[in-house]
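Each of the next two complexes has chain A plus one more chain, namely chain B in the first and chain C in the second.
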Partner chain A sequence: MRKYFQIFKTHWQSSFIYRLNFIMWRVRTILQFFGVYFLWLAIFIGQDSVFDYSKSVMLTYVIGTAILRSFVFSSRSVSVGVEIANGDLNNYLVKPLSYLKNWLARDLADKLLNIIFLTVELFLIVLIIKPPIVAPISFSHLAIFFFAVILAMMMYFLFSFLISSFTFWYPEHNGWPLRFFIFMIIEFLAGGLFPLDILPAVAFKIFRFLPPAYLVFYPIQIYLGRLDFSQIVSTILIMLAWLLVLYKLSRIVWKKGLKIYGAYGR
Partner chain B sequence: MKIFKRLKIYWLYWLKHSSMSFQTLIATRLASVLFMSGKLIRFFFFFWFLLILKTRLTLVRGYSFDQLIIFFLVFNLFDLISQFFFRGIYWFRQEIIFGTFDFKLVKPISPLFNALTKHTDFLDLPILILVIIMLIIKIPTITPLGLFSFALLSLASLLTITAIHIIVASIGVITTEVDHTIWIFRDLASMGRMPVDIYIDFIRTFLTFVVPIALIFTIPAKALFGLLSLKVIIFSLIASVFIYSLSLLFWRHALTKYSSASS
Partner chain C sequence: MPAISVTNLKKYYQVYKKEPGLSGSIKSLFNRKHEDVKAVNNISFSINEGELVGFIGPNGAGKTTTLKVLSGLLYPTSGQVSVLGFTPFDRQPEFQKQFSLVMGQKNQLWWDLPALDSFILNREIYEIPPVQFDKTLKNLVTMLDLKDVIKIQVRKLSLGQRMKCELVAALLHSPKVLFLDEPTIGLDVVMQKKIRDFIKQYNQKYQATIILTSHYMDDVKELCDRVIIIDNGQIFFDGALDKIIKKYADKKILEVTFSGPVVKKDFSIIKAAKIKHFNPPRVVFSVKRRSANQVAAKLLTKFSVADLNITESSIEDIIRQVFTGRDLS
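Right, the complex of A and B next:
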């Protein structure tokens, strides 16, 4: 455990080397949030309710989405593909550590940094635009929301690791093309631009069972109190099931990938 | 005559670079298919979102959803054109930090032209064609005057987009930072998917006078609906020429700061 804590610390420190890079990334995150927030604000002009969402609930959803995206989708495991493609993976294979845990430690350091910045940004945003934020309906909802967020972060980490693992078979552009393609789908199916339940019923019935819906959409639905007890339980159970599937799948793909790994580029 | 000869050289130079960009795409076919599919998905999901909104709402700040779809298509038109021609900017940072930009400075071709157009992104071409077809189908009955002002303002839009890319390249020469700057512009530009009028005053002012998103995307689209006065058209044309001239001055200034690091 101690060695992973050291990796966490090292990565935390290295994040401050490229400060401008990180700050620019945060600026972009805020701009993306503004784009969606002000679009919804405009849609609600002259409307009390759209798609069974009141203005305050929808804007809270948008803010919640921005917050969750910041640390669920912040992941360094994109570099796994780079290390596979250029052969740097060799350095890890000969060391007495788990490659998956190594990246989990780096991911957590990155998420912590994002959370700290996010807290400051959120304070400023609330101060400037004074959004109508809806509070969770009970403490238990808030607690389950936090639990769902942790599950979502783990799900995304494994998902991201899984996608990067396909670089073993297709190392072109460090595995970035597949990641780009999948991320374009995730962006929307996670509910980043709009809540998924505004989709036509048939589409929602399909998308609600796919992993992206549990990364952002469902955790915020729990926070907003839009799910009853049985729905919350089924949501958490589905998340746990996806977590297990993603873990098993990432292990299988990783092991198969290692067998064909040629350490090209070294 | 001399200018035509010069233009021909640039045309051949661009063709050569474009053909090389195309060959790279062919060499990595699966990657190209994945990138193109990702771009198409992004386009269709947002389009779908607008269609979903249309089922429940009639107007957003006075604009009908059919009009908003036109705004979205016009946004894509100019955004994709800039991606298609100016993809080179995404590689420019490397030239600056490795010092290979030196080689471009001694060649008898404008280093700025090279920096911006060195890569042509053919992956944007299918969506660009699709957008043009959709625009032709979706476009409302348009008067010859409307079409003329759209054509005129499209030139202003393209001139402004070029200016923005020149400014980003100049910032790159001075600070070695390019990638984030261009992405910040693109994040801001994404607010141009909708007319800037729908946003609150502060954002609208920012997107009109600080970063000219309105000039690039909203104003040409408005011309299609005949929503512009002559004063706005003239102001937009003058503004685009002014911004373009400023960007060239800034570029010249940036070149004096080039340190040729790592070369």
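Right, the complex of A and C next:
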């Protein structure tokens, strides 16, 4: 355990070196947020409710997804593909170290850094644009929401790791083409731009069982109190099931990949 | 029991071939021709504890591939590999804590941090007790003269300094087996010598088993009593370095400086000697090993000689001869 804590710390130290990089990334996140926020604000002009969402609930949804996206979708494991393609993976494979846990530790470090900055940013945003934010309907909803977010982060991490593992078979361009294709779809299906339940009923019926819906959409639904007790239970169960599937799958693919690994770069 | 044993090891890669140019690229979209590359093709050897063995061979001979199989990075196509009684590809932590792989063209140090931070990370990864860590680090830093260097960001270090730090990072857990792949590549002669001395010292001090690959014959000459020559994925020679000289160098070199004027024709009386360089007053002959003394004696009696020197063919020449199959003289 201690070794992964050390990786966590080393990752932090290394992150602080690139101050400018870091600031630019934060600004990008904020701009992205403003884009979606003002779009929805415009839609609500002259009406109080759209698609069964009141203005304040929708704007809370938008702010919530912005926070969750910068959180859940911020996996450093994109580098896994690069390290497979250029052979840097060798450095880890010769050591008594789990490569998966190594990246989990680095991801956690990254996310903790996010929380700190996010808190400051959120404070400023609330101060400046005074958005109508809906409070969670109860403390237990808030607690379950946090639990769901942790599961969502794990799901995304494993999924990202799984996609990167395919670089063993297609090392060209560090595995980016596949990654780009898949993650465009995920962004859409996760409900980052709009709530999934405003889609046509048929589409929603399909998408609600796919993993992306559990990354952003469902956790926020829990926060907003739009799910009843049995729906919350089934949501958490489905998330746990997907988590297990993703874990098993990523392990299998990783092991198969290692057998054909070329350990390139000399 | 040998520290390393390899039996009938094969490692084939599949690569796809593309014809040159855009039309070739388009063709390869639809029809890819795969081909097996036999990087390592049925090699066997065994190495005892404390041995320092040199792997030599031209580029693409299979040296690095062999080291990668021994480190557990590559899955062998067939054959048995055992290092310290472990199967490398299982990558058991007990095995990984006892060996190290250093590649001259790859680095494990964190680029943006001082080397010391990477060392501390390795301390945790290899679970080295702090007391032992401090002692080993102090030792290595003194041996390699790195005192202030380890606190500077790695990206700001010179190649030589970085290579030394890489060695430290690889040795902190006191590995019993060490694979060094071109550890002196790109370094100047002074630094090469320093690294070389260090490797020798390390081998003797800790009785570590070391395999070293290098393109610099000096590395091999100075460090390794035993060499394994690999070419085309197969072992060409495995034995003591001076045995290659005996086996493949059946000629000796006579360097003579004459005190009077000489012409090429003068030497036609000595049948056994072939002229290698003719640059009077200095003439270099290549002579069959067993007639070297005779020829030397003849030269001394028939000519007025200022200086005469009998040497072995250089190891570079021999290796070149081995690989090209050409006669030296």
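What we mean here is this: the second predicted complex is superposed on the first by the 266 of 266 C-alpha atoms of A that agree within 3 Å, B and C clash if a C-alpha of one lies under 4 Å from a C-alpha of the other, contacts with A are read in each partner's own complex, and residues count from 1 in each chain.
Convention: a contact is a pair of C-beta atoms (placed from the backbone, for glycine too) under 8 Å apart; a residue touches a chain by one contact, two chains touch by 3 or more.
All of these numbers come straight from a predicted model, not from anything done at the bench.
Peer 1: Is A:Glu172 touching anything from chain B or chain C once the two structures are fitted on A? First, second, both or neither.
Peer 2: Touch partner of A:Glu172: chain B, not chain C.
Peer 1: Mind working out whether A:Leu258 is in touch with chain B, chain C, both or neither, as first, second, both or neither?
Peer 2: Touch partner of A:Leu258: chain C, not chain B.
Peer 1: Check whether A:Lys130 is in contact with chain B, with chain C, with both or with neither, and answer first, second, both or neither.
Peer 2: After superposition on chain A, A:Lys130 lies in contact with neither partner.
Peer 1: Name the contact category of A:Phe188: first (chain B only), second (chain C only), both, or neither.
Peer 2: After superposing on A, A:Phe188 lies in contact with chain B but is clear of chain C.
Peer 1: Name the chain, either chain B or chain C, that contacts more residues of chain A.
Peer 2: Partner touching more chain A residues in the overlay: B.
Peer 1: Kindly classify A:Leu41 by the partners it touches after superposition: chain B alone (first), chain C alone (second), both, or neither?
Peer 2: first
Peer 1: Would you sort A:Arg2 into first (chain B), second (chain C), both or neither based on which partner it touches?
Peer 2: In the superposed model, A:Arg2 contacts chain C only, not chain B.
Peer 1: Enumerate the residues of chain A that count as touching chain B in its complex and touching chain C in the other.
Peer 2: none
Peer 1: With touch defined as at the start, can you tell me which chain C residues reach chain A in the complex?
Peer 2: 13, 64, 68, 71-75, 91, 93, 96-97, 99-101, 103, 105-106, 108, 110, 112-113, 117-118, 120-127, 181
Peer 1: Hey, which residues of chain B end up touching chain A in the complex?
Peer 2: 28, 30-32, 34-35, 37-39, 41-42, 45-46, 49, 52-53, 56-57, 59-61, 177, 180-181, 183-184, 187-188, 190-191, 194, 198-200, 203
Peer 1: Residue numbers of chain A touching chain C in their complex, please.
Peer 2: Answer in residue numbers: 2-3, 5-7, 10, 13-14, 17-18, 87-88, 90-91, 93-97, 258-263, 265-266.
Peer 1: Looking at the complex, which residues from chain A come into contact with chain B?
Peer 2: Against chain B, the touching part of chain A is residues 20-21, 24-25, 27-28, 31-32, 34-35, 38-39, 41-43, 45-47, 50-51, 170, 172-173, 176-178, 180-181, 183-185, 187-188, 193-194, 198-200.
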